[in-house]
Amino acid sequence: MDTTYRVQMEGIYKSYKGVHALTDVSFAVKPGEIHALVGENGAGKSTLMKVLSGAIAADKGSIKIDGVERNITSPRISRDLGISIIYQEFMLAPHLTVAENIYIDRLVGKNKLMINWKKLKKDSHDLLEKLGFSEIDPDEKVGNLSVAYQQVVEICKSLSRDARVLVLDEPSAVLTFTEIQKLFKLIRQLKEQGIAIVYISHRMDEIFDLCDTVTVLKDGHFVNEFRIDEIDKKSLIYQMVGRELSQLFPKRNAKIGETILKAEHLKAGRMVNDVSFNVHKGEVLGFSGLVGAGRTETMRSLFGADKLDSGSITYKGQKILFKDPHAAVRHGVGLLSEDRKQQGIVIERTIRENTTLTSLGKVSKFGIINHKKDKEFTRDILARLTTKYGDMEDSVSCLSGGNQQKVSLAKWLAADCEVIILDEPTRGVDVGAKAEIYKNINDLAEAGVAVIMVSSEMEEVINMCDRVVVMRQGKVVGELEKKDMNDKNIIGLSMGVM
Amino acid sequence: APAVSESAESSASASEAAEASQPAADGEGKTFKIGFAQKTMDNPFFLALANAIQEEGEKRGWTVSVLDAKNSLETEMANMETFVSQGMDLIFLNTIDSEGAIPEVQAATAAGIPVIELDSGISPDAGVVTTVFSDNRGNGRKVGLYAATCYDEGETISSVILSGDKGNPGGEDRRMGLFCGIIEARAGLTEEEAWVEAEKFNQELTDNGKAFHEAANFEVLGQGWAHWTADDGLPAMEDLLVANPNINCVLGENDNMLIGGMEALRAVDKLEQVQMFAACDGQKEALALIQQGTSYKASGENNPNKVAELGYQIAEEILVEGKDPTSYPEESHTDAVAITPENVDELYDPNAIF
Amino acid sequence: MKKATFFLKKYSTYIIFLVAVLICIAISPDFFTPTNIVNIGRQYAGLIIVSMGMLFVILTGGIDLSVGSIVALGSVITATCLVAGMSLGVAMMIALLCGILCGIITGVLVSYAKMAPFIASMAMMTMARGVAFVISNGSPIPTPEGSIIWLGTGAVGVIPTLVIIAVAVVVAFWFMQNYTSFGRIVIAIGSNETAVRLAGIRVKLYKTGVYVISGLCCALAGILLCSRTAIGSPVVGEGMELDAIAACVIGGASLSGGEGSAVKAVIGVLILALIGNIMNLLAVPSYPQDIIKGIIIVASVLLQTLTSSNKKEA
Amino acid sequence: MKKATFFLKKYSTYIIFLVAVLICIAISPDFFTPTNIVNIGRQYAGLIIVSMGMLFVILTGGIDLSVGSIVALGSVITATCLVAGMSLGVAMMIALLCGILCGIITGVLVSYAKMAPFIASMAMMTMARGVAFVISNGSPIPTPEGSIIWLGTGAVGVIPTLVIIAVAVVVAFWFMQNYTSFGRIVIAIGSNETAVRLAGIRVKLYKTGVYVISGLCCALAGILLCSRTAIGSPVVGEGMELDAIAACVIGGASLSGGEGSAVKAVIGVLILALIGNIMNLLAVPSYPQDIIKGIIIVASVLLQTLTSSNKKEA
């Protein structure tokens, strides 16, 4: 009996309707180890972890916990074995409060009838404070929180469980550097306590910064396992993608033209408080800031998705306010939402329907859809982003997270926008795909489209943007030209220490 | 819609007027406040009854308020309670369920408000002054007796029946009346014996979906539920005809359903072969059909005007002449009449609402 | 093997229906006769049309309780107009317009005033019925001899006119659902309204649209019902909403929107029709009828979910 | 200023109700009399109890159409047992058990057999009504003199026993919703079922539970209805499902689950009660009543959505 491993998964198979998500995959984690699980979008990382958590049943294979073979057939069993997981898709009840969500399965203590609301709130508050997010009110409904804060709640929920195995499936995708540092500190503490940790991420820096071991999956197969000091970034990417990635950030030859959109003194709700900026044709304008800085809200109110309280927008030389997204789209402005699942894609519908949602006019005549044209159009657009899919008539829910993001982006590529706002465009996308998305952003800019990129990934902002606007607490606190763009300046501005 | 809106105005203004003149409400030649708790208005008969109550009241210079329970027991209770709290002088009630309104009637009686039941049966426990009927059972029986005369002695009466709603006591009475009349005439029984047989026959139908009476040479091959309307009478009849193409008789618990069912007969050219009998209503469309000599042969007279007249006659005796409300018999019937080709000319009024 | 299960899953609704038909044929010799089939067609043409409108409402994630009342209103208005001496064409026009008007009111309440569809359509249910009662003064309205009955009793060859109309409506909806951007957007709205709105589509307009279409279908069904008996009645269609919704759900529609098919909803109606018809044919005693009906509904839906249960547990 | 709007938003349901009460007082002198208030209480005690059960079903995102039929079944069973000479206690026990049984069947069909709640409860609606008809042989069953009527007509001081029972039930549900993990998990299931399942909670058990509770409430309401008239009737409660659902939705519940409150659902019932009562007091003619009722429902819900529309356009 081998008890050096906390978790041992062996010979795991899983297929969906003929798609082999996992084929003979083995994976093991030791106590006190932070084990990275990497691979392209659709490699099977999430699926493997769902098998471990009992969310789905494997077709074949064995799981040993502390050397004892276990038959994990339901989330309940895995929970009782001390396995705690943060899913890639949030598993929160939006109508309940933060405190309730964290303690959903332990609302009343043993042998008690009533919920002790005071204790519940206090416990949640302590937990949030420990993570460094005391600003989140345990009484707030989760549905009212931003995506980033929801992620924090999700993290608290798993941490509250005294887990022996903790799985984090892309916890950092919506977080910015400061939150990530807080999270890492906590993960390292847990490691000290001997907890086995699985960390899934597409951000290479984090993996080298945090993890001890890394396992690479590709197309549902186990590729290799390395100690982190045995390997460098470049060869890890090679292991994942199966080819040399020449350049993550390709060169752009765009000519920056005249101002196409100018926003002045925008005010909307609590989060947007006098925001002004402008963007030119062929330019990539970055938006940086901490979580809750109000970047998303600014873009939404500009786009007509939320009510704009005051302010003016000059678009192509004319004053205009978009009263709803329809008006914005009709004028050639598109917005890729940061909340893919809730606002970006129609998850139960097919890949094809999602892709042509914004451009139905192009594939139909008098409201009647030309299916042949529709298919060709979809195929072309998806090919531009090298999206991986089986059949375009499958529902989007069959795709891996990264490929869903590509479909979501493809929808806006199809719409022929003149100004395109991308809110966290590479959230949850693998390195290979990132390079393709960057290439497409460049293509857009070269074609004279103005691109606004809201991003929390520092590297991405610095390498992709011509200019970056930094926001803090609903206000623009600075604008940096290419030459001034570096980690220090951006962090300084967004934290208000500069 | 004039009838309804008129009553609206008059009753609304009436209740205000009555409010003001309450102290003067007793004594002779005075005006009285009458409430009518009607079970539903979704059928011309009940509408006509409500109108008749309204008109008879107005004739006497009394104020009448009509409330509709929409076939809901709960609403009916609410309506009764409303009348009591408004201090009506007398309440007419047409109850949904024979046992449903007992406590409300008792409460009204206790508050010194006599209650006269109209049309539907009510339990004797309720303590209403009397129930004014067009006698459902009696009408059914009269029509049944007539139906028996439309068939040769040796000929089997092969019938299907269109019923209203499951669990409706009035419908059951009509149905049993029809059975009683046919069995009484064909099996040569006394009325009393025939009622016993009819009850058994009806239970057989409930249990098996079919029933056969040997002595009377009478069978019911199927029962369709058509919710009192022509629109549901038609499909129910269509299905029954497919299963029983050789019937020679259709019975019905009201006219509307048979009028719908007639379209089904017409569609398969069976109007010659089948005769139709309704236990109730004698509504004018049906009378027209009877008069024209179609195979629609008879209907029981359920004349709302007669019911209203008799009701007011009793009300007057109590309120004006001071007759003791407990001195009335349990039931006061308008006469049971079967409208047939022989007497239809006297009874048909093409201008009636009903 | 795999292919066979896939086939079974995809066509489970149809297979269940076929099985039900075969059972009916086996237990009643009267069932599979031309008259009976034609009868069923005539009887359920109205419900089929109403279910089509309902399906689109359900696809957006809404619900329309007002259908039965609008059917009654359509029937009453047609009869009233005919009595007033108008031609059938004009009478139908007016009835259809009234249906559209009802739909607009419900639709605007749902989309623009953000009222829950259940409540908005329930209010419309009450109001439309009230109007039908006021117009008809509570009594059925006989239409002038020969003015409309030919529509209800007519046939082309052996196929009743009503069935032809219903089939035409179904084909129109099938086409709309599968080949028009309207249909595609309606389904998308039911799956994720926010995403569709953010894609720059005027969601409110589409949502209003489905209620208008439903109102129109109901008015048409009302006209057809009136043509069957030649009587306009303010009490027809009571409880029709339940049947129409049930038909859609039996046909695989989800009340939370985004799922459902026109053809399968028709199968749903036909399954309900079969249950009613076979009980009448067999002269099942009245009171147990309800119990048996319930059991058959459960059984048929259960079989369907069991055979098609490939839904992921996620 | 800010605080005021917040207050208005949070309590809009109550404010609308208060305004409605004031209007009623103003337009009818009979309204605010002790008799009338007591009447309303007695009349709607049953619906309030049924609505509580319905609310929990709705919170999970389900729907229960069978409530009216189970009310009838409860009423018929109570009367039958009393006629058979059992004590009221035993009769009530048996009726409540039947309610629970109905709930278990619906619940199992929904949770374990994954049937759509609409269809499962519709089948139960048909079946329970059928059983009530079979047991009662289609006729109302008078209970033995004095066996149950004291419950329906009784009062503690001026407060009718029925009202006391209804209030007790509401308090129990309020407590359950706010202070037990059952209540919170029920909401969570309606909010995100997968999340709850993945948290290791036995979702199916909870989902079955709400239907059982609903069945129990209905049986209790059936007993109370029987006690009011002292007869068990197989036809009571028809259409009650619509009223109960409407009450919950007027009280802010969302049919997609996760939202709703017990106290506000009671207000929902009372608003419906008020509408019915005031029209009777004013003797509004029957046909236009429906139209006015529809308009009042729209108006009251509209006012509520308007005052509480702080929802983000997301």
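When the chains are written out, they are named A, B, C and D in that same order, and each has its own residue count from 1.
In the analysis below, a contact is a pair of C-beta atoms (placed from the backbone, for glycine too) under 8 Å apart; a residue touches a chain by one contact, two chains touch by 3 or more.
Since this is a predicted model, take the numbers as computed values, not measurements.
When the C-beta pairs in contact are tallied for A-C and for B-C, the bigger tally goes to B-C. When you average the Cα atoms of each chain and compare centres, the chain farthest from chain B turns out to be A.
Here the spacing of chain A and chain C, counted between their Cα centres, is 43 Å. Chain centres here are Cα averages; for chain A and chain B they lie 71 Å apart. Here the CA centre of chain B is 34 Å from the CA centre of chain C. Averaged Cα coordinates give chain C a centre that lies 28 Å from the centre of chain D.
Shown for chain C are the residues in touch with two or more other chains, namely 133-134, 137-138, 194, 286-287, 314. Of all residues in chain A, those touching 2 or more other chains are 55, 305, 343, listed in ascending order.
The multi-chain contact residues of chain B, meaning those touching 2 or more other chains, are 1, 4, 41, 166, 206. Pairwise, the chains that touch each other are A-C, A-D, B-C, B-D, C-D. Note for the complex: chain C touches chain D at residues 61, 63, 65, 109, 113-116, 118-120, 122-127, 129-131, 133-134, 137-138, 194, 242, 245-246, 249-250, 254-256, 286-295, 297-298, 301-302, 305-306, 309, 311, 314. Contacts from chain C toward chain A in the complex involve residues 179-182, 184-185, 187-188, 191-192, 194-202, 258-259, 310, 312-314.
Only residues 28, 30, 33, 35-36, 39, 42-43, 133-135, 137-140, 142, 149, 152-153, 225, 228-231, 233-236, 238, 276-277, 280-287 of chain C touch chain B when the two sit together in their complex. Listed in rising order, the residues of chain B touching chain D in the complex are 1, 4-5, 7-8, 11-12, 15, 19, 38, 41, 65-68, 70-75, 77-79, 81-82, 84-86, 97-103, 123, 125, 165-169, 172, 203, 206. Contact residues of chain A toward chain D in the complex are 53, 55, 74-76, 78-80, 87, 90-96, 100-101, 104-105, 107-108, 113-115, 305-307, 343.
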